[in-house]
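Think of it as A, B, C and D in the order they're written, each chain with its own count starting at 1.
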Amino acid sequence: MTPLVDVLTSRYAYVLFALLLGIGLYMIVSSQNLVKKVIGLNLFQTALFLFFIASAYLAGGQAPIVHHGGKEATYVSPLPQVIVLTAIVVGIAVTAVALALLVRIYAEYGTLEEDVLREVRSDD
Amino acid sequence: MSPGAIELVLFAFVLLTALATAAFRDVLAAIIVFAAYSLGMAIYYAVLLAPDVAMTEAAIGAGVTTLLLLLTIAKTVRPGRDEIFESIHWSGLLVVGAFTTVILVTVTSFPEIGASDAPIVSNPEVSQYYIEEAYHDTGVENAVTAVLAGYRGFDTFGEAVVVFAAGVATMVVLHTEVFTRD
Amino acid sequence: MTEDPTEGTEANGETSSREANDEPSSTDSQLPTETDAMGPGGTYVESQVIMTTVRVVAPFTFTYGLFLTFHGGGSPGGGFQGGAVVGTTILMIAFAFGIEPTRDWLSNRTVVGLASGGVLAFALIGLLPLLVGGRFLEHAVYSDEFGLYHGKKYALEGVEIVGIAPIVSAIVIGLFFTIAAGFVGQGAAWQSSGPGSYPEHDLDGGDEE
Amino acid sequence: MSLPLLLGGDLDAFVADAFLVGAALFVVLAIALLYRVVKGPTMQDRVLAVNVLGTNTVVVLALLSVGLGEESLLDVALIYALLNFLMAVAISKFTVDRGGVI
């Protein structure tokens, strides 16, 4: 048991990543309300961002602001941070498209509850 | 220098906010707790030494996401308030539990967080090259900006176009009927 | 995860005035004074506190967004962060002074032009090196072939400042305005009496793309 | 002043650790605030708690900035200081008549 605890305590952020992934997925799968599904999607996304950022971390390092190309210090890796940076902005765009679709769905069917929506659609 | 204690507390905070977001049945309460979650996440990014990402999360998470979600439920209706927490969806929980367990098992085989021999950090051709040569190659000190607009400029161009396309898509989704109405 | 019926009823009692209801007309009837105050424009309510605070804070936020954009090379920041902060400033103004007046003030043409112009400027900066045999987005060409002072640095900053930042800020503003305008189409006849809908004339400026 | 030296530690490291511990304590405070966010009972309680959480975030980031020796984290704290009230204003405006006044 102790080796497992050791492994997990040195990987806090990865454990958190897995748990948040689960919570986000649970919200997407089981929420009846479509807005909550979108929130779950966002949560799922942030879990992945956390994974990327944690993989870039270097103990005792500095943020990747390289002052005049100095090699005397160690820095965390900039590459995953760049990927996450663009992914956050793309993520908000995806969220907005999803929300626009929700507004459309509400205009069309008058509800955002999944079970009601299914009934309304089966009546058509 | 190790951020051990604060990381442990943040772990609890982020996990609790995420659980509360999932648990609330009332969408407005879920949005409010999700805003708190975003605050915790930004601190986590800062602890992991990603100020650029924390900054974006601050502007997007605290401002834009909350506002867009609020606007959406202002345009639609909230569900009835007969109960404040969701009831547990057991079959979904089972599937998600299995999924999370699989991910948790793989976690043990990742390199330790902060280890200097982790492949992402120690790769001499990518990460180390960016850190050592970014100032010389591009003339900017912020390695993130250098990689974003310099080394990976083509990728960023694609992302910018994707964001632009999302804006156009939103306008089309919400305004199609306007064109054909008159 | 846990059900707590007592708490549900408690919250229900406290907030009964805005209890969610699937009948938009009933929620609409709860806002007589606001709609009267605004006339046909919408349901915005003036708040002296919010307006004063925004009037003080907005210039600082806007300046800080510009600082983040322009100083992205030497400190954390860049087009994405600066653009998001500038966009959020406009959202802040829209919240304080009403979304419709802000839409009129910042016309749709401006927002769409900013986004399209950003993409075009980004592509142009990338394509110029092709003229002299460089590769797409090869910033070194600007200092080596075109002879600009610190050309590669300014090309990179140019991508951030005239490319990414306008796109991000315009898209943030545009998404907000678009979702705020909502959807009033033929299939939504019953919704037109709802609390969030806007009269027809508000949508006329929205078909620029 | 002499306590860390007596303990055989480095003064700078001690001060940095003290700031980090302070930041951790503020995050503990955030967890306490989370109780009010979850419990409510009214939406106004939640809005107020989230607003305090935002201010709390500014403090945590400032302490982290000293503790980790990263002045760049102050920029993040500045963004929160400027944008924090927007979130509270948006939600509180929304709670009046279910978004009728946005």
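Keep this in mind: a residue touches a chain if its C-beta (ideal position, glycine included) is under 8 Å from a C-beta of that chain, and two chains touch if they have at least 3 such contacts.
Remember, predicted model here, so these are calculated numbers, not experimental data.
Interface comparison, C-D versus A-C: the higher number of contacting C-beta pairs is recorded for C-D. Comparing chain C-alpha centroids with the centroid of the full set of protein C-alpha atoms picks out B as the closest.
The distance from the centre of subunit C to the centre of subunit D, each centre being the mean of the chain's C-alpha atoms, comes to 26 Å.
Each chain gets one centre point, the mean of its Cα atoms, and the points for subunit A and subunit D are 21 Å apart. Mean C-alpha positions place subunit A and subunit B at a centre distance of 4 Å. Those residues of subunit A in touch with two or more other chains are numbered 62-63, 65, 85-86, 88-89, 92-93, 96, 99-100, 103-104, 106. The residues of subunit C that reach two or more other chains are 7, 11, 15, 20, 22, 27, 68, 74-78, 80, 84-85, 88, 91-92, 95, 168, 171-172, 175, 178-180, 182-185, 187, 195-196, listed in rising order. Of all residues in subunit B, those that touch two or more other chains are 1, 8, 19, 22, 31, 49, 51-52, 55-56, 59-60, 63-64, 67-68, 71-79, 84, 86, 141-142, 144, 146, 148, 156, 163, 166-167, 170, 173-174. If you sketch which chains touch which, every chain touches every other chain without exception.
Listed in rising order, the residues of subunit B touching subunit D in the complex are 1, 3, 5-6, 8-10, 12-13, 16-17, 20, 28-29, 31-33, 35-36, 39-40, 42-43, 46-47, 49, 51, 54-55, 58-59, 62-63, 66-67, 70-71, 73-75, 78, 84. Looking at the complex, you find that subunit A touches subunit D at residues 62-63, 65. On the subunit D side of its complex with subunit A, the touching residues are 69-70, 72-73.
In the complex of the two chains, the subunit D residues touching subunit B come out as 13, 16-17, 20-21, 23-24, 27-28, 30-31, 34, 37-38, 40, 43, 46-47, 49-50, 53-54, 56-57, 60-61, 64, 68, 70, 72-73, 75-76, 79-80, 83-84, 86-87, 90-91, 94-95, 98-100, 102. Interface residues of subunit B, counted against subunit A in their complex, comprise 1-2, 7-8, 11, 14-15, 18-19, 21-22, 25, 27, 30-31, 34, 37-38, 41, 44-45, 48-53, 56-57, 60, 64-65, 68-69, 71-73, 75-77, 79, 86, 89, 92-93, 95-97, 99-100, 103-104, 107-108, 110, 112-116, 118, 120-121, 126-127, 130-136, 141-144, 146-148, 152, 155-156, 159, 162-163, 166-167, 169-170, 173-174.
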